[in-house]
């Protein structure tokens, strides 16, 4: 299957899922809507699709806002200070204020920037994030679309964000942006290889590409999660996954494309107001997605750490808790480490991460054929 | 945003619409005042206090303003931390223009309000940043302490909360009044006023003197003076490095025309009298200058491998180019001076002997207009190319730039 | 190089035109490549974890927070005794001050921030008429306070001086003229 | 995109275009986070590799040397604060020493101890700020906050002593303008205790960090010969192996009474500059500890001076070791209360001069590292 073929299949499947009400068939809300509409199934499908899209938008913007707030608070307390305090109690409305301000800020395009690419760029990362959010299994039935090739679809769409940065960097006609765009392009392409290998390992051991099915293979307590189920190897590939997603997210120590002290503001140097906030938003939604994927692939998704705690309908709580932990890990990295240099980053990927993940993939095959699992 | 400004036009005529506009006003102002992202801009001392305000103890993040943006496109407020010079002012204008509306400017410290310490006798500092870009809040202090900056930001927040979309904010105007010597002006004005008062009061005063012939003026109590001792300077006893007389002998052997500055007859006693902190100051002619410096560097006993500085002094009838050298191995210092013609100041370069002399010579060229022959890169170093004078010359007197201090 | 030889001094010359080739590093004991690779990975990971330990301990320890919340702590904020805020002229209960218009402070001020404008009282004695103090140029160096022989001016403790109007920074410090009658 | 401009910026040699690659010029500054103020660097880049750097100065040139000619010696002290504001006490001291030499003014014993202690505290403070910004330039933002936190305690001491946080204007010819308060010694002791812990923490967070080491070792190598020839001084020169410290080799004040080491680097790379500065902090702490032991608790803190100081015709030169290197004051006097010419020799001026030499051939990110370890204060360069 060619690269573009993968994308189009995935997109097709998503549209299928939305318009055929895949989400609504197993979900309580969907069922209720169906009940109201009676026999008019087309109407029910449309309403369900609308609800799901609205939910996605809400999740995206809300989570970004909450994450930004928590990032500022966490960074504050890691740095012996308090962080936002004066906008609402303990500054909880800080990001809301930022958002409103950015929305009402004047937006303009530099004279020499290319109109089409300049305005196209901020939408691409945002679009990518929405498309992936659609397949994230927040709970057993809380998922907009459940394509059979879910994980491959995710991998394919995740590459879109990089295009956004490069196009934006090129379109704004600024030397700093250009350097930053080149850096992020190189970074995204290289680290995607290791990311895919880490994902492939899970696909190999679980035998599924469907996200729900992957989660189902991790049923039955903490030692059935892939991070522990494969002795040592699971942990190692989890670490690889975290490192590579960290790089994909352009966060410290891999924040070369936004390196404040080197390139000013990086690829969004020339963006202001709402366009800038799109990049900003996508960055944090992508972080949520990366953490959700790590949860799905390695930490048992919406399963509780003990089978006894697995109440139906509360899976999203477990999912959220695990995701938050991983997001905290990202925060922690960001506020501890200095950033790498471009050649060191490349060295790290091609000289260490890629061979190591290949070896771990091989080992996973060995583990699988020998049946070296912990747990059931 | 242009669209939001149309809101009052549409909504105000509708009943209840005014309240909606007010609500939007409140919301937008609330958001703007609580999300002031400053531009990373700091030129000098105040920048350190600005950084200290961002640091843990004072934590500007509490106001939501810790998001220092390196790109002016994303900044809301520019805190002018530090002196603004003429060369920098063009760049500041560009930065201001690159910021999207609504944008605010906080002038931090005396330099940006009025030139501060650089008000008089100064040819390069802009006397107040509001002559370049409109300024909203002025924070006096040199530099203001972090709390003062926070107070200034709170003042700015108050200003923003008072805005309305009915009357959208327009950038303020830059100060256009010509710069005046306020000190002199105040004195002149006062003297004029006093003359009138004197005339008016004269008869009363005569009357009063008659009434109170034994008047004694109030004596203001003086501040207690600290009981201090006068002390003499105690020079160091042990000399660092080679004895000046030994250096003199080495030099004199090779360059007999070279003399020591301020000493007519060089004897061992005369030099010993100068104390252990005396630094030999050789006077050399223009022809030998370069060779002499090279000799000092390369001779094993002088061994002056380190250049402290190259500078010049304008003695009205001549320029003295002073070269200060040091030996990092033997630890002694040697000064070299070379008098050159005032009308046609030219001298050989020593930048091929000391790489560091390159910039020092450019500085001398910039300030005094002394040209260094064979210098690889003879450009101005500090001032901009349009500056058509050499400011450290004693005859530099450009009233458009320089105002004399009153005392 | 001829000039150097003529002086008969050391051949070492590192001027801009004659540069010596840079010295080679001393040879380090060669490590095996794999050993270096492993030590880099494990040592590196360890060093990163040590760094993470520092930040997480700070995060978990609420005592480590040092922030002083300025506008909220206004009542308890204590300024240092010697803090130099702005120049003030203390007045007694009768509204009188100690200034004799001797202009020593004006002369001591490095940037003309002070204008001491004298007048004559009814007895013909020179007294202070107007004490103009320009906060906008003041660098708060306290040279004026040092110069004053009568303790007429001091450094105040106020720092909340920010203003929207530049002209309000030109202050007149004396409430009334000098001791008019006495 | 018009990235490759036909015109070669000022200061670069004419290049012979290569058919395979095109180089382009990147303008860093004057408003750029890495340039510590308003230094402007025009960088010639080949991809990410730096092919040449031309610094442009003067964006904060404030004509201090011209102003000095119309202010008295005591008034000039407050202008030296504004040169290198991070070592302003040392600058004050340097001018005061030059005036003392010229006008024959002595300093009492206690005054000398106060001077040394304040100067060493200032060095600690300056190096802490350098450490903080070094972390920030390399992307470790937390380091910035930690460094400032520690620095704030020393700033508190200064505020306690002289009432200002940054531009102190504290020393006068003959001593200092007021005595230190009683709380001074206990506060210094507290800071020294805190510093010990902090330095370990700094090693954990930044110094020992592999990423920092990889980014600093072997980067921006400055040879000893170059360092001397360019007139570099302070930690930059000492990291390159130049064994010169004004405090030891040309001792001023009472520095000859103290026992301290001068740390030297081996390779002259960025990491050496880092370690030398950290070690200098430890040595400053050693000097402070000795000062606390030996300082007389009683006695005058300054000597009596005339209200108008005049220096007889001639010249007077003094130099000190600031946190950045050799700072010199050269006074040419004509027996008037104001100097005829006052020249400051700033260490940063020479230290930044080497930037082209050390950053060439490395990456853009290394240029930032090099700048961070050179630790320039731009107003000191421009004066």
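Each chain gets a letter, A, B, C and D, in the order it is written, and its residues are counted from 1.
The definition used in the following text is that a contact is a pair of C-beta atoms (placed from the backbone, for glycine too) under 8 Å apart; a residue touches a chain by one contact, two chains touch by 3 or more.
All values reported here derive from a predicted model rather than from experimental measurement.
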Set of chains adjacent to chain A and to chain C: B, D
Whole-Å gap separating chain B and chain D, where each centre is the average of the chain's CA atoms: 17
Inter-chain centre distance, chain B versus chain C - centres from mean C-alpha coordinates, in Å: 14
CA centroid of chain A to CA centroid of chain B, Å: 51
Computed distance of Cα centres, chain D from chain A, in Å: 45
Residues of chain B touching at least two other chains: 55-57, 59, 62, 70, 117-118, 120, 142, 145, 354-355, 358, 405
Sites on chain C at which at least two other chains make contact: 14-15, 48, 51, 54-55, 65-67, 69, 110, 139-141
Contacts with two or more other chains, residues of chain D listed in rising order: 32-33, 71, 78-79, 142, 145-146, 149, 152, 167, 205-206, 209, 211, 226, 228-229
Touch-based graph of the chains, sorted into line, ring, star, complete or other: complete
Touching residues on chain D, where the partner in the complex is chain A: 1-3, 24, 26-27, 32-34, 48, 135-143, 145-146, 149, 205-206, 209, 211-212, 214-215, 363-366, 368
Interface residues, chain B side, partner chain D - complex: 39-45, 47-49, 51-52, 55-57, 70, 82-83, 85, 87-88, 91, 95, 117-118, 120-125, 142-143, 145, 228-236, 240, 262, 277, 279, 281, 305-309, 311, 313-314, 322, 324, 328, 331, 333, 335, 354-360, 363, 367, 377, 379-384, 391-392, 396, 404-405
In the complex, chain D residues that touch chain C: 71, 74-75, 78-79, 142, 149, 152, 156, 159-164, 167, 169, 177-178, 181, 201, 204-206, 208-211, 213, 223, 225-226, 228-229, 267
Interface residues, chain A side, partner chain C - complex: 74, 77-82, 85, 332-333, 335-337, 352
Residues of chain A touching chain B in the complex: 72, 76, 79-87, 91, 93-94, 96-108, 260, 264-265, 268-273, 276
